[in-house]
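Same chain, two partners: chain A is paired with chain B first, then with chain C.
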Partner chain A sequence: MNSFFYYNAKKVILNIIIHIFLLSIAATCLFPLIWMIGSSLKTQQTVFRDFSLIPKEMHWENYYLAWKQGGFGRYFLNTIFYTVSVVLGIVFVSSLAAYAFSRFEFVGKNLIFYMFMAAMMIPIPGSFVPLYVLLNKLHLRNTPLGYILCMINVGLSTSIFLLKTFFDKTPRELEDAARIDGCSKLGLWWHVALPLAKPVLAVVVVFNTLNVWNEYVLALIIFDSRQLMPLQVALTTFQGEFITQYPLLMAGLTITAIPVILIYILMQKYIIKGVTQGAIVE
Partner chain B sequence: MRIKLTLQNYLFILPALIIFSIFYIYPFYKVFQLGLYEWDGISPVKLFVGLANFKEIIFEDKIWWRSMLNAAYITFIALTFQNTLAFCLALACDREIRLRNFYRTIFFIPPVLSEVVVGLVWQWILDGNYGILNSWLIKLGFPHLVRNWLSDPRTALNCVAIVHSWKGFGWGFLIFLAGLQTIPRELYEAAKVDGADAWQMFRNITIPLMIPVMMLVAILTVLGTMQAFVLIIAMTGGGPAYHTEVPVLRILASMRGSSRFGYACAQGISFGIILVIISFIQYRFSQKARQIY
Partner chain C sequence: MFRKFKIINILLILSLGILSCDREQEVKQPPKVVTVWHWMTDRKDAFAELAQQYEKKTGIKVNFELYAPSDAYTQKVRAAAQGDTLPDIFGILGEMRDFASFIKAGYVEDLTEEMNKDNGRWRNYFFKKALEVNEFTLDNIYGVRPGIYGVPIDIMTIQMLYNKRFFRELGLDPEQPPQDFDEFINIGKRIKERGLQGMVSGWAELWMIDCLANNFAFNIMGKDKVIKTIKGEIPYTDPDWIKVLTLFKRMQDEGLLYNGIVTFINKTAEQLFANEKAVFAFNGSWCVNVYKGMNPNLDYGVMLPPKVSDNYPRSIWGGAGSSFMVNAKSNVKKEAIEFLKWLTEKEQQIFLSKTTFNLPANKDSVIDIHPRLAEFADDIEITTHPRLWGISEFPRVIEAFDKGIQSIIIGEKTPQEVAEEVQEIKERELNKKKLSRSKLVGE
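Here is the complex of A and B:
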């Protein structure tokens, strides 16, 4: 009886220690975000003196000012436009290719497929230098199209890999049935394969959305005009202008971060699946 | 008919192939070509200089090697501090513990945020005059510790390394946790029946089975951290006086700052080769480690 209590007490204490450890790390994860949002609601006078996490007076108008005066409305819409275009492009282009790699036979199939896979493995640090030169030559620099095409290429290899692995595992019976009904190859891809691939398409969409939303260096070298810049570049480029308006900068950061956090919380299942799949594929 | 069918097949991969050729293969080739030239990026004439750019990188560019050392230092902190933290958290969450999903959700928030957001928020927290860290230090009675964290040469690099670890540990955590959950529970139960204690089970079951996952995380950490630079742009811009400078920032500076496109490409090639060598060594090392266990 005594040893039973002893055993239980030991277990409880161990559990408490583990929870304290986990909670303290969780707190350090959340603190900067809360601090950011708190600071975005202060005024220029209070932001340097008031160190409370949740300010007494909430100045929500900072968000309106950041959106209008700070230009974050413009940058926000730019980012949304780039993200949607790139993700649609990737889904379209990579699912077509992955379907062909999985279902059809043609000369050079393996070679081309391994070329895409090699691109995932070989790091080219500073690949932005030749891309800059190339886009200049094609007169695509400082254009949305140039950026969108570059970013489609960035997400292509991984997406093809994920989708091909999925198609390889799905049985062909449904497609055979559809083919007998006179469906063309393109029709099979669109009407049968894509709807079946929804779970893995979700992984592709979520990962690429986060990736494009957070992308920095290509946007930095491609865009000169203020009107075209996405959020990330605008934040670092015009940071200096906000020295006199710190709460507006914090509001801008919050505007940039909130969509990402929302997507993450809503689509968590797919993100965890994507990360751990990568680990198990190895 | 057959030819038509084959052409149809190629049509499916054509969009991917075109984009890939223009935006990956061509730049890949261009990097190697430009690395042999001295070129400002605008003028129609490129001056062929052979391997002079590489010679300059290896023998004269002190800042380049310093940036390499800084990146190696940040990588060292990420490999030790960040991955140990990630592994401990994964071990804690692998137990039958309440709030497990809550913790898992929270730990992966820093990785989904952009480096720009993370860098600017931490810059504000660590600010010398108005930062909350200094204000807390004063309140808690450590005024002698107050400093300009990001512009003090003694602390800047460590601050960057710690913030980088803060942003990155969630990745390792998720992968470690997934790895731990693939270990069959029966192994532990059998060991318990045989009278093994917690440490023995950890030493003889958990560690050997986790070696491949640890190696994977290590490779990902090295490749990711060596090439990290956006966080540093947002926090310090490489300063004070090159104390937080990293290789990719140097490449960017060669291109945009001094308009030496050829030199920037040569730096990219040198760095790429170093990264490939490092990951190859790590790969061989992980094969060896697998054989031992």
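Here is the complex of A and C:
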């Protein structure tokens, strides 16, 4: 009887400690988000005086002003177009490449794979100038295609690594069965490998969506035309050299964060699966 | 029959020729466009308005293209230079050596001739100090052909500010800020008694400490001795340098510094002064715009850092503001230069200053600007900037010096200890330099 109480009490205390720990982690993650939303409803003066998370007077018009002054409409469409194109491109190329690296034997296979992995180590700003010069020579600078190709290139290495790791662990017997049924190599990739890789693909999609959605430095360098700029550029409208319009900036940030949060919530189930099942090398 | 046909043909050809001549005359030249790349978000609307005015006046379209933040802008300008796609007018951010490398690569037009035309009409628009930062003199260390390569759009000075309401509370005349260090210290005593906070500044950003320390150093020992120290001819353990360091200790001991001043970035310091939490601030002229945004009712004045010695004149950091350069390879170089001349005329400079609260580079514009800005502009002639000294201190020495001042303020080290440490690093850096030079000679 004593030991029953002892184990139950131990379990409850352990649970409380774990929950307090998790709640504090969640609070540290949520605090900036709540602060961002709270500040988006303040005025330029109250943001420096009123430190409460929920302001006394809500200035909802900040959202309208941010949308209008930042020109969010056009930039939103641009970013959606870039994000969809880049993510589709990355999923297509990286899944084919990863499948080839995992299943086929060809000359220089390891060398090419390690070259891709080495590319992961190069910080993006280090490649800005060569990318600019290359795109200029190809007449792709200041074009959406040029930007999309660069962004696909940026996301390929990590995606190939994640998918190859997953394919390496997938039993080949499944593909053998399909091969007996007359499936081609491309058919095996499409009908067998890709459906199995759904959780990892979700990780690839979410990570790259976040990456493209939040990117603006490369866009600023490649594009001259304001009409082609992505959403994040709109946020710089509120950041002056010495003065920042915090309420409008926070309203803008909230607007830009909403789609990404929605995507994350929708794909949460797959992401957890992807990270725990496939994307970690054992 | 054939003859008739021939005549008709000739007439046709002639009429076509005449028509085509007329048409050639009718073909209009496309309007000239000058493209400007800039990073100044807060000046976007003002630039757009000025571009419209200029187009109305001259028919020349000026496209201001904004690329912010400044880090991304710098990357874009560098990449564009490599790709030979620089716009007609652009700005170069960074050190003097970056500016020099653009000039040496042939990307920047030498504007000396234009500046000196008509007895230096254009040159005379500007404060002397505003042009200095865009000028390479005969003996410049960068190997650039002497000349003026940039057009200043605005300037800045870094000075001290005081809260007039607190001055009244402390029984002081708000129109008579302290002139020398003793008066300043006496105010510190009153601040302490009233439980107020003294001076606030972004001294977690080392360059701001360096700025005030240099102000004191110029006043105590003069520019020549400071330069000699940088050259390694005078040690940091010299009594004059100890005096400079001791001033920070005195300010701390007498309650003149805000608690935790060395942990603040300038944005936090600006917030504290704007919200009337500090009696004094040490900040640049850009703060007029910042304080206006944070607290439009703030009642404050601008003052020079207090005089700490009678030996040499006071000097403050300033002069360097935003500048534009003309692309030497531009097809519309002449138009670009003409536009910059127009942009730096008195009226346009007043407009820019009134809309963006920056100090104008045109010296005739200061008569019609925000009164606080005018106070900042008053002292432009006593400004200096490390970019103009022709020699720069080793970054490690600067870091040790500024961090040393932080240590003095928090009571970790004495001025003597800091001076010795800085000198030790200085000697190490000098030896390294000597070694690398002798290696080069050996090779």
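The criterion applied here is as follows: the second predicted complex is superposed on the first by the 174 of 282 C-alpha atoms of A that agree within 3 Å, B and C clash if a C-alpha of one lies under 4 Å from a C-alpha of the other, contacts with A are read in each partner's own complex, and residues count from 1 in each chain.
The working rule: a residue touches a chain if its C-beta (ideal position, glycine included) is under 8 Å from a C-beta of that chain, and two chains touch if they have at least 3 such contacts.
The shown structure was predicted, so the numbers you read here are calculated from the model rather than taken from an experiment.
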Q. Which of the two partners, first being chain B and second being chain C, lies in contact with A:F48: first, second, both, or neither?
A. both
Q: Applying the touch criterion given at the start, work out whether A:Y132 contacts chain B, chain C, both or neither, answering first, second, both or neither.
A: both
Q | Contacts of A:W213 with chain B and chain C, given as first, second, both or neither | A | first
Q. A:T236 contacts which: chain B (first), chain C (second), both, neither?
A. both
Q. Which partner does A:S102 contact after superposing on A: first (chain B), second (chain C), both, neither?
A. neither
Q: Identify the partner contact of A:R226: answer first if only chain B is touched, second if only chain C is, both if each is, neither if none is.
A: second
Q: Once the structures are superposed on A, label A:T79 by its partner contacts, choosing first (chain B), second (chain C), both or neither.
A: neither
Q: Report the partner of chain A that touches more of its residues: chain B or chain C.
A: B
Q: Give one of first, second, both or neither to describe whether A:N153 is in contact with chain B, with chain C, with both, or with none.
A: first
Q) Once the complexes are superposed, what residues of chain A are shared between the chain B interface and the chain C interface? A) 48, 125, 128-129, 132-133, 136, 216-217, 221, 236, 239
Q. In the complex of these two chains, what residues of chain A are touching chain C?
A. 44-45, 48-49, 125, 128-129, 132-133, 136, 141, 216-217, 220-221, 224, 226, 236-237, 239-243, 245
Q: Using the touch rule from the top, collect the residues of chain A that touch chain B in their complex.
A: 15, 18-19, 21-22, 25-26, 28-30, 32-33, 35-36, 39, 47-48, 51, 92-94, 96-97, 99-101, 104-107, 112, 115-116, 119, 122-134, 136, 149-150, 152-153, 156-157, 160, 185, 189, 210, 213-214, 216-217, 221, 232, 235-236, 239, 246, 249-250, 253, 256-257, 260-261, 263-265, 268, 271-272, 275-276, 278-280, 282
Q | chain A-touching residues of chain C, taken from the complex the two chains share | A | 39-42, 44, 65-73, 75-76, 78-80, 82-83, 85, 271, 274-275, 286-287, 289-290, 293-296
(Q) Under the definition above, what is the set of chain B residues touching chain A in their complex? (A) 6, 8-10, 12-13, 15-17, 19-20, 22-24, 26-28, 30-31, 34, 41, 85, 88-89, 92-93, 95, 97-99, 102-110, 112-118, 120-122, 124-125, 129-130, 132, 135-136, 166, 170-171, 174-175, 178-179, 182, 212-213, 216, 223, 227, 229-230, 233-234, 247-248, 251-252, 255-256, 261, 264-265, 267-268, 271-272, 275-276
